[in-house]
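Data block below; observations after.
We just call them A, B, C and D in the order they show up, numbering each chain from 1.
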Amino acid sequence: MSTPDIHGIIGYTITPFSADGEHLDLDALGQSIDRLVDSGVHAIAPLGSTGEGAYLSDLEWDRVCEFSIQHVAKRVPTVVSVSDLTTAKALRRARFAQAQGADVVMVLPASYWRLSEAEILAHYQAIGSSIQVPIMLYNNPATSGTDMSPELILRIFNAVENVTMVKESTGDIQRMHRLHVLGEGQVPFYNGCNPLALEAFAAGAKGWCTAAPNLIAPLNLELYAAILANDLERARALFYRQLPLLDFILKGGLPATIKAGLRNTGLEVGNPRLPVSPLDDGACKQLERLIAALS
Amino acid sequence: MSTPDIHGIIGYTITPFSADGEHLDLDALGQSIDRLVDSGVHAIAPLGSTGEGAYLSDLEWDRVCEFSIQHVAKRVPTVVSVSDLTTAKALRRARFAQAQGADVVMVLPASYWRLSEAEILAHYQAIGSSIQVPIMLYNNPATSGTDMSPELILRIFNAVENVTMVKESTGDIQRMHRLHVLGEGQVPFYNGCNPLALEAFAAGAKGWCTAAPNLIAPLNLELYAAILANDLERARALFYRQLPLLDFILKGGLPATIKAGLRNTGLEVGNPRLPVSPLDDGACKQLERLIAALS
Amino acid sequence: MSTPDIHGIIGYTITPFSADGEHLDLDALGQSIDRLVDSGVHAIAPLGSTGEGAYLSDLEWDRVCEFSIQHVAKRVPTVVSVSDLTTAKALRRARFAQAQGADVVMVLPASYWRLSEAEILAHYQAIGSSIQVPIMLYNNPATSGTDMSPELILRIFNAVENVTMVKESTGDIQRMHRLHVLGEGQVPFYNGCNPLALEAFAAGAKGWCTAAPNLIAPLNLELYAAILANDLERARALFYRQLPLLDFILKGGLPATIKAGLRNTGLEVGNPRLPVSPLDDGACKQLERLIAALS
Amino acid sequence: MSTPDIHGIIGYTITPFSADGEHLDLDALGQSIDRLVDSGVHAIAPLGSTGEGAYLSDLEWDRVCEFSIQHVAKRVPTVVSVSDLTTAKALRRARFAQAQGADVVMVLPASYWRLSEAEILAHYQAIGSSIQVPIMLYNNPATSGTDMSPELILRIFNAVENVTMVKESTGDIQRMHRLHVLGEGQVPFYNGCNPLALEAFAAGAKGWCTAAPNLIAPLNLELYAAILANDLERARALFYRQLPLLDFILKGGLPATIKAGLRNTGLEVGNPRLPVSPLDDGACKQLERLIAALS
């Protein structure tokens, strides 16, 4: 197994729907992927939280997975989120993504029942032993209800051979410190909390998993470039410049705000699926102003 | 619309699987329902948290719904949990349950994305306006990730005509006080937190939604009888007697502990679906001891 | 050592100040004590949270302690709060209270630094071994910053001979269950959370530690009488009747609300010490209305 | 009023006691101050959390305040913590510190009762209008029990003329972002959470308030120098090098760990005041090892 070099700005795609919300709009999906790739992001991540993966039928999920991988066409690596409520279903998605050519799959232990540490480990082992592509372990208790301590993450990292990357989205920088210290600097970690972007890079994060490049890719990429150039002052200035927008999309919810923002640019991608509502008019206006202030 | 009188002990059913976990075992489901009804519970609630409703395919869910309602056959009312991740899918389940003859449907605003109050209200309105049977609103942030304040619950109760009951599972007795005070005593509330059973009844809960009757129905029913008889001392003694078991099933997880407990009695109902694990041997032994101590 | 029978309604006294806030008003203190004793409370507790014990100089504290015990004059038992930030100072207060004739001293592990379990145990041991009167252990993380688990409380109860009572103020009824179960029914526990009064009695609390009797002693006493009479329905009705006031005094802060309430009845007791502010006019009016509604 | 330029490493002093814990050891205090000043820290902060200010009698507090300021003798600025449980006592301490020549006073709204925003603002106004030296507002809910939102901090900053600096110790980097954004970059903020040192500087903190220089001043100073040199990679390496020690002193409690560490170097400063215990033997050994690994 060769692990692709996942780093920098990992751009999360939305899943466009038709106006009635009932059908996928793959043409719009292709356009949104092209925009991201053309902007220079270092990887593309379909079907994550932003991609409403949890709200798709199995058929829809498969279609988006297949289309996205084919459309990216290896221009950059693809990181496909394959989480589902049962181990069997997550495993099926992981195999499907692998068969379509995904470079990495991302696994969040989403569950209805609170899982024990043994159950979480077994979940990763079951998936890991069924596929050959590398796995990005994903911790995000705010959406999954399951919080994995750095100690547990390390246990899984050491026990499951193809878990080779960690995405941390708690927003607690001490988790990253702990991963660095416990993992003796050998655990590649990625930040999934937008308003922590500056400090996660300061702490040594290898990449930033974010939907923001759908709207402001140049600023996201410049921040990463400043980090690579070891220019903290420039990174700080760039970060504070984009922070109001990062806060806004976190607070407004990623599918709703990114879809509204794309519509503003002329790319119609439909609304999020209910019960998630589209942004109301006031919020759309505020988003327009925030983005206008950045250009 | 005539609301059935839902009160007392509302027994939650498990969903039995075959040994390989892949198929439903409706025969075992029928037996477990008969046990509950014969024991004297006041209502039957299929497909709740205990029933692993979140882990079933749509086909499985429909089959369990239809079978359960037919098998109860109006011996007592049925309260069917119809939660799902999108409004459209929850609505489909609600209509299906109504068509099969459910007396009440229960709705938990399960979501991946944290919902706003407006989104939660719209979710209940969409479901409420599509069916005629009464709805039991269900608040359980520990599994759903969505916490509804008593104020929001009251708003929904007042805005959606067929939301006529509230199930509160936070375990915070002040929520029930608030529902009582804000609702001027007119909002029927039910307790879904097993170790709060005594105090919820003391505070005026109309019923106790619980999987415990699968294992210790007589004790659950006697506690309710003591409350009806206004005999607090007896209720307290009965409560403390069953509390160790109530704590155990809460801590061990309802599907895992109830399925293990039924197996102990000779009714094989399979294991929970992964990633939820069955009880290990030590926990099974502890469960046996706890139940033996009660008989 | 004979432990007095502390039970029922334990009334907490305020500490009256002169109009400029600088001097004690012992005459008003005597009157407020007489009101409580005459109303029928089962014990008097000076210098607790309500009594602003934390805000008094050592000289003031000693004076209030001595005066209160003498003025109660064994009409009912006195429970004197002797908490202070260092072990040495808490110990000095405990000895002083004992010398003045306190029947019980209450100890809250107030600290600036978060204490370890070993430090908390040592604190109780140091005080316990220096006095002969019984100690009521007091858990109230909201004011002390230190939360003692039921397990730790039991350890202290078993390790320190004169720790013979537990006051629980977290508002979490499961703590009381745990004290009952772990202590095999032999640990007398008291409730310090006003809006939990009904359920704490339902769970077996031996008494209710409260400042409310300064304003509505008859209702507090009737609730306890209903519990003694095993009349849950009456207890529930009485509880819900007084709950709005109980919520109000918890939310407004005990010294501020109780002092405002006493002023309304014609007993001028001054204001709380800054930074705690007296109730503003709107809140005073609301308090008047709440009390008027109860008479 | 001219505000001194408080920046960089602000070193917090311990308060040495005699072996029996009953008397101040001013000679040792002088030595510990000299060590800090000689090591190159940019300011000295007596009587903070590390200095056990909350555990001293008024006489002791005054003596330490006077001695520390005289001993520093303007070699660097002094920042004196003047917090106390009542406004009157905090105000007295603030005036005393000013009279002794403190350059800055630090105010934490320590309280027994949870304070409202209006009460906290009034507390700062009362102190601010009584002194002329600048005030560093200090937010540390873990020890004070009072959490001030960035919005409230800004209100106080704008309302009280001599509140000119903010020390944030929640460990939540988003608070610093918010102070920066709301304050339009004009609010100087300082970090009081040791394991957040790297990221706070990355986010623009002007200084680091820390007791660590008592033990590892060169490393603390080098981290700051790397930040000034805009060398993030070096800052990161230096931070991770000292992080295990920073975590240790946070977890072990500042007075206990710093006093143990100074003893290891031959400077006997006594133990913390009970109920805070000195480090046990195992922890002392671990501390020795951690420090040895850094030299």
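Keep this in mind: a contact is a pair of C-beta atoms (placed from the backbone, for glycine too) under 8 Å apart; a residue touches a chain by one contact, two chains touch by 3 or more.
Composition by chain, UniProt nomenclature: A, B, C, D = 4-hydroxy-tetrahydrodipicolinate synthase.
Just so you know, these numbers come straight off a predicted model, no measurement behind them.
Chains that count as touching both chain B and chain C, per the definition above, do not exist in this structure. Checking C-D, A-B or A-D against B-C, more than half of the residue-numbered contact pairs recur only at A-D.
Our note on geometry: chain A versus chain D, Cα centroid distance of 39 Å, whole angstroms. Averaged C-alpha coordinates put the centre of chain A at 35 Å from the centre of chain B. Note: centroid distance chain A to chain C, computed from Cα atoms, is 52 Å.
Shared contact sites, meaning residues of chain B that touch two or more other chains, are absent.
Shown here, the protein chains touch around one cycle, each chain meeting exactly two partners. If you check each pair of chains against the touch rule, the ones that pass are A-B, A-D, B-C, C-D. Of all residues in chain B, those touching chain A in their complex are 49, 52, 54-55, 85-88, 109-116, 118-120, 122-123, 126, 142-143, 145, 253-255, 273-277.
Residue ranges on chain C touching chain B, taken from their complex, read 171, 173-174, 177, 180-181, 185, 195-196, 198-199, 202-204, 227, 230-233, 235-236, 240, 243-244.
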